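Order as written gives the chain letters A, B, C, D, E and F; numbering starts at 1 within each chain.
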Amino acid sequence: MKKEEHYIKAFGEVMMRLEVPNYLKLAQAQELRILYSGTGVNILSALSRFGHRTSFITKLPENTLGDAAKSYIRSLGIETSDIAIGGNYLGMYFLEQGFHVRNTTVTYSNRKESSFCTSKITDYNVEQILKDTSMLHLCGIMLSISKQMRYNALYFAKKAKQLGITVAFDFNYRPKLWNGDYTEAQKCYEQVLPYVDICFMTDRDALYILNMESIEKNRQRRIEQLIPEIAKKYDITIIAGSLREEADQQISGFIYQDDSICFSRKYDYRAMDRIGSGDAFSSGIIHGVINESARDAIVEFATSACVLAHTTYGDSPICSEEEILFLVNQKDVQIER
Amino acid sequence: MKKEEHYIKAFGEVMMRLEVPNYLKLAQAQELRILYSGTGVNILSALSRFGHRTSFITKLPENTLGDAAKSYIRSLGIETSDIAIGGNYLGMYFLEQGFHVRNTTVTYSNRKESSFCTSKITDYNVEQILKDTSMLHLCGIMLSISKQMRYNALYFAKKAKQLGITVAFDFNYRPKLWNGDYTEAQKCYEQVLPYVDICFMTDRDALYILNMESIEKNRQRRIEQLIPEIAKKYDITIIAGSLREEADQQISGFIYQDDSICFSRKYDYRAMDRIGSGDAFSSGIIHGVINESARDAIVEFATSACVLAHTTYGDSPICSEEEILFLVNQKDVQIER
Amino acid sequence: MKKEEHYIKAFGEVMMRLEVPNYLKLAQAQELRILYSGTGVNILSALSRFGHRTSFITKLPENTLGDAAKSYIRSLGIETSDIAIGGNYLGMYFLEQGFHVRNTTVTYSNRKESSFCTSKITDYNVEQILKDTSMLHLCGIMLSISKQMRYNALYFAKKAKQLGITVAFDFNYRPKLWNGDYTEAQKCYEQVLPYVDICFMTDRDALYILNMESIEKNRQRRIEQLIPEIAKKYDITIIAGSLREEADQQISGFIYQDDSICFSRKYDYRAMDRIGSGDAFSSGIIHGVINESARDAIVEFATSACVLAHTTYGDSPICSEEEILFLVNQKDVQIER
Amino acid sequence: MKKEEHYIKAFGEVMMRLEVPNYLKLAQAQELRILYSGTGVNILSALSRFGHRTSFITKLPENTLGDAAKSYIRSLGIETSDIAIGGNYLGMYFLEQGFHVRNTTVTYSNRKESSFCTSKITDYNVEQILKDTSMLHLCGIMLSISKQMRYNALYFAKKAKQLGITVAFDFNYRPKLWNGDYTEAQKCYEQVLPYVDICFMTDRDALYILNMESIEKNRQRRIEQLIPEIAKKYDITIIAGSLREEADQQISGFIYQDDSICFSRKYDYRAMDRIGSGDAFSSGIIHGVINESARDAIVEFATSACVLAHTTYGDSPICSEEEILFLVNQKDVQIER
Amino acid sequence: MKKEEHYIKAFGEVMMRLEVPNYLKLAQAQELRILYSGTGVNILSALSRFGHRTSFITKLPENTLGDAAKSYIRSLGIETSDIAIGGNYLGMYFLEQGFHVRNTTVTYSNRKESSFCTSKITDYNVEQILKDTSMLHLCGIMLSISKQMRYNALYFAKKAKQLGITVAFDFNYRPKLWNGDYTEAQKCYEQVLPYVDICFMTDRDALYILNMESIEKNRQRRIEQLIPEIAKKYDITIIAGSLREEADQQISGFIYQDDSICFSRKYDYRAMDRIGSGDAFSSGIIHGVINESARDAIVEFATSACVLAHTTYGDSPICSEEEILFLVNQKDVQIER
Amino acid sequence: MKKEEHYIKAFGEVMMRLEVPNYLKLAQAQELRILYSGTGVNILSALSRFGHRTSFITKLPENTLGDAAKSYIRSLGIETSDIAIGGNYLGMYFLEQGFHVRNTTVTYSNRKESSFCTSKITDYNVEQILKDTSMLHLCGIMLSISKQMRYNALYFAKKAKQLGITVAFDFNYRPKLWNGDYTEAQKCYEQVLPYVDICFMTDRDALYILNMESIEKNRQRRIEQLIPEIAKKYDITIIAGSLREEADQQISGFIYQDDSICFSRKYDYRAMDRIGSGDAFSSGIIHGVINESARDAIVEFATSACVLAHTTYGDSPICSEEEILFLVNQKDVQIER
């Protein structure tokens, strides 16, 4: 298998996830389940499972928390030799899983004081890191943290572009982090987009962040209208995204490539652990693009990867290519013996 | 916030709940999950979460079990200084959670030999306890235990009435505890009702315990017929209750106040832990009445509290006012980040 | 109760089941839940719960794994004095429970090297073992393991028949174990069938293993056509089986006895742990036959036992006769207090 | 092996042990570890492990607790067909394990209200039960519970004696249960002793319960003085007991047989779980006596069994004869590979 | 009991302790055990257990972490109505328990960004809080955090002194927090000492922080020399402290009162959980002082409390007065039945 | 840091360790703790923690067990790209941890049927694997498995020697695996030794396997006599080993290098988990040799690494260089804050 020729890196944050088990509230719990996650880690986890070589670029504190995060990342098959060491804290979030009408809650700790969020571009040997890289992934959350983080992200994007590295970018817009300030957000996102080759976003990002307009209420038609415009405006090769219909517990995906848009089937989903399912979709798109699969095969694979990511524990997708293709091909067997 | 002016107390039993985890049968288990509960504790737990001052009146043994029960009650925000100490045992029940068509089973231990069930009225410094109380809650289960317990409950009810304290009473009828003897039960309940200001019951209690008659098959209409009669007969200010439709997994509530009945919307529910959901309803009613909310707002809040109590672990409701109002206002967001 | 007059034995393998908890993948787990199971153990477990005397015939290694398996079997109420000791290994399977569209996976270890699978007929004191036996249960999986195992199974079947012992046989066909070689399988199964009195199978076994033909697409009608033929051809008194409709999550059962076939109602099922539910059905049939119940009562009881086995943890059915009859009688109560 | 010719039964109580894990106090715990134990169960557990046929005689409630206790007892290799069913409760004790200077605490629940403690002699089919029994074990705790229990114990002792069954009796004196009333205790114990063949006791029982006198301070010499006297007075064949020196964490045992006393070596012990270690000693004596081993071999084996019982979890001894003989022979290997 | 007349408050931080279980390293763990602790909480926990009324003064964030901390504090019997709400974070520390020669490691998170460490004096209604207080406890760690925290601590100390409230102060010196800057530390400590009535410290604090001198190598004699000097210089009524001899695993305590020093016996200790044992000592001193016990009884009780705190899980002492007196009186019983 | 220039590989087996938790016996357990280990994995784990680049050479089945083993190995910082895929089974061992006089027991499953033990040399691309390798580690256990395994080990050793790669070899003699056949073992070991540069062994291996003679009883003097002889005979550069004195719970190490032997101090050890401590010693030697440290520093570091490996969970050493040097330098601090 020649997949390993590709070497995919992601620049981003890894956080400790501290989850209250058994749908308890934190005040009821004596134990927490921990793992380590982040958009970049999640995407690389899946790509590593698909057979690609991957490495994560971040900054971690030199203490037991940094050690533990590294060990976890490696267990996912991701290399850790590009990780800078220093700073004080690992970012964290506490997770209370919801149940039926009770919502899931996420409480951040050290949101902006983490080693990564206080890192400077000089903490990373960018040239060295990007030397043998074929694709670089960046996540929009970084744009909201601080001016320094925006600078870092932009620096990586530009440098990668210069070196002919494919740049993948995930909008990942979180209104809370911007205090709902769309004007500021738009400016930041527009600075990055010219360097992007593969972009993960939906019509909502187009409307709210990029301030585009559409009278279309139907999301599919809205996507068919807005996404090609964006692709042209910023010269983006591929734009993809997933659409969730919560009421029906259904999900579908789309991909724009070569001037046309392709939608996947609609899939039922049931969420054992919903965080990271969007990252599974992105990793499916990237895998398909690398493999130069057909557009409809790519989006079907990515959406199946997304559906399966709902059925596994943790943020980082761990299903194999075989399991995903099995769902693409729609079989339904319960016990394999 | 001036809520703390109210000081709500409940007289009742606290039992240790010993739950077989993971839907196992007891014979399959090496571990049990424990907590402490009871109608009074559950209601005060919710009221404390809503910001009210609360205290629980009971009798506990002077041993590690009594200590543990006290510690748990305090963690819920309930004061324990009115608790009498002595006797031999803490009441207990073993819980095997059902799954789909397999029923939940409850096995009592020490049902009638507990410190509380063998307590005498002189164990409680009733005058002192009721001095600064604004509302007293009592539960009908006490009427079934023994003559002494009936006497104790009645004594507390009378004394509270004399002192101008609002008396809340929950029918909580359990046929098993009376060996199905409705005549005996009716007599006991009728002794208490004249002292009651707020009563929790349904049409079924009216039919079976109070021996009333109705040809109406529709439960809502039956409630509209019977509840006002009861309110008038026993001079009860407020009567409220919840109606569960198991087949459809739906629940709704009603409140009778100022000569008219108001029903809530129907809510879907899914039960992670069903015990205590009725107590959440009652606490919602009490909270609304204290706040002098409008009738329809009260019953909507109480029913939402009841629905949410199905989604949390344990008998004692722990959702906040904000979470309940969120459901009242019908939003449906899954991950708050 | 005179049930204990019957003494039911099963000859078969007991395996250690190593289950990854909480729907994790093995690579995510630090802990496994273990138990011991096998078709024979499962059936005897249920029959013991129904009040019958039972004993399991197998071979176990003389080490901590053998000891543990024995202890577990005894806890189910099954006698272990017929178990031979020796050999090297206990058979094992690792179980990753699926979730929604993610399939359950089973990975065997020591499939053919276990003490049982390498045992010789001389390891068992067959005469002595069968002396006081009223029914012997055998499972078709043994036919696939090796020539030696086929010989052992056939030897037990013949000997039992000679001694007038009722022989129950479960097809339990697993294509994987035969590498899909129906010709070889058919030959083996046909050697056993002449000794069988009670047979567990479905139309699919008739078509694929016994190579029968039917143009009928409707499974019920196909069963009505094929099963009586088989009964006649091999002189089998009773044939029974269960039909699962996965898409609808429904299950029903049938029994052929005295020249006619009787089907049960269709039951909804929800699977907490699906393995062993077929064995629950078989045990229900055997119990009914021993009790000389009416045909329709037998199949309704067996199907209810099967449905309930989906709702309990572990492979070995543990519901009581009362619980099963409760479902037969269709009541639906959630909390018994 | 002809050991199975012996059929040893014990009449006594089985209690649920609810242990707070990890040396926590109950008020700190959300989980309890459960098992089922009692002097009789413990002794039969060990004897079953040594290869003897055993059966436990008690009364259990007809509910999930009774079922679970039975299943546990069977897992230890003890037959449960002599167990009567009925009554309300299973006896229980809560265990907080001590640590260093912090003492272990035991809190009983349902001490005298259990199915066993409220059972009548007519609940047991004594003739039938004792028919094929070769040895009967009784425990002195029963004498303290109630007149009825004393009557039951005495009845079993007499009946066994009449039938030529060896009667083993354990003093197991608990001052708390008698409120320190030695006079009353002495009377009760003296009623039983004439029927006893094998007696487990120490010099302390002689002094406090049997009200004997000795000016000897050295325990070994005191035993050499008092035990033969008792053997003669009550015509007891064998008297044995273990001596614990807490300060030194050492233990030794003695046996009186054929007019002479034999002491074991002193063994270091470290207690992982100390409850039941005395029962391990008794089982070792019984096993040796049945095997007609030499006096010094018997007491060495019994003391080694006792020492090993400190190193295993739970009240019921589970070490094998081989493991015990290994300690008798003093080897010290850490990892067997 | 008149103890409740005393109302003891502590001003300080509560942190979440996230403990890696089973002596694992964080990188090996999937679960953490959590609790909430701090010097003030620990001392009030013990005093509440001894029967005193207590309240904790701090600032907590308005989120699930703040809720959980409050619930935990209440479970210890400490009132939470003096707690201010606001800010962003709860302080945290990760704990890897050491084993033998492997050291325990503590990793802080949010050390200075917590709601408490960023709180202003105006966040606390100081007058109102101190109104009914009889004793106020403060901890020296606060002096190291920031100028604001020093100001807050000093403000509380002065105000309490003005109101005639007994001020207890714990040196609790942590070189790491001051980056070893003794000059700065000395200045800060000396500002507080004039307001202190009861002071917890040792000779080491005298040497390193207060920059005193002694040629005495023997610690007892050094204490006898230095402590009276300090008491006089700063007009402190009581000074107490504990001395740990790690090599011997022994501990002893001293108290200076009424111009003379009294030492306790030396006690062996074994540490199940060592954190918080110093706070147990302090709470024992405070309890004895409130009860006006004799000097030697006070220090013996405090040292026993300290020894027992090593034997229980968690930072907050939970042993009862009876348990501590039992150790004072030196008995050694293992199982109380 | 230039350490990464070294690239250390090990050829060997990785087994699943299934450990009964809490010192239970397997028959008492419902859960097992799992991890993956082997001499090679353990040594590379430590070397990776010290900063070296490492890769493990083995063969794993293509199933969930193989995936899980890989993921675990990667989490330790070891590369997995040299691992061959195929075969049926992962080797396993069940571990019952001993307690005091109760021995630890190890029960193997799939000892010789594993993917690794049935692998052929052609499964490994030996040339490619050894291309960039600076050191290769082999373990003597392989010699006992089968002729094929001996051939594989020898082939790797020869090939490495040819390529100028340093060959490290661990005697790791297990009499059980050879059925005590020293003659056969000697032949096999002597075939390998000529290719070895660094050898881990003790005087016992010299006596029993290499059939050397010594009248010396003192182990240190015996080592001083025999080890240089071996070094000369087989032209081995470095020979090292550790000596355990179980009775005293002390351990020391030795290294032979440049014609002279150097012994470490004696260290106390306490075993939380003893398996893998010998591998920690070996990794310390290798690290020291690579760093070209002084002989006495190397052996002190290695012995400290060994002592610390007793204090951590799992077979694979995880202590850092700093932690080990801390012990070398003998400090003793309990809580670092």
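The definition used in the following text is that a contact is a pair of C-beta atoms (placed from the backbone, for glycine too) under 8 Å apart; a residue touches a chain by one contact, two chains touch by 3 or more.
Because the structure is a prediction, the values reported are computed rather than measured.
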item	value
Fitting chain E to chain F on CA atoms, where both chains share a sequence, rotation angle to nearest 5 degrees	120
Most distant chain from chain D, judged by the mean position of its C-alpha atoms	A
Chain at maximum distance from chain B, centres defined as averaged CA atoms	F
Computed distance of Cα centres, chain F from chain A, in Å	41
Distance between chain centroids, defined by C-alpha means - chain D, chain F (Å)	47
Of all residues in chain B, the ones touching two or more other chains	25, 27, 30, 71-72, 75, 105
Contact set on chain F toward chain D in their complex	22-25, 27-28, 98-106, 174, 176, 246-247, 274-275
Chain D residues within the chain B interface of the complex	18, 25-27, 29-35, 63-65, 67-68, 70-72, 89-90, 92, 94, 96, 105, 107, 109-110, 113
Touching residues on chain F, where the partner in the complex is chain A	71-72, 74-77
Parts of chain D lying in touch with chain F, wherever the complex brings them together	75, 267-270, 272, 307-308, 310-314, 318-319, 323, 326-327, 332-337
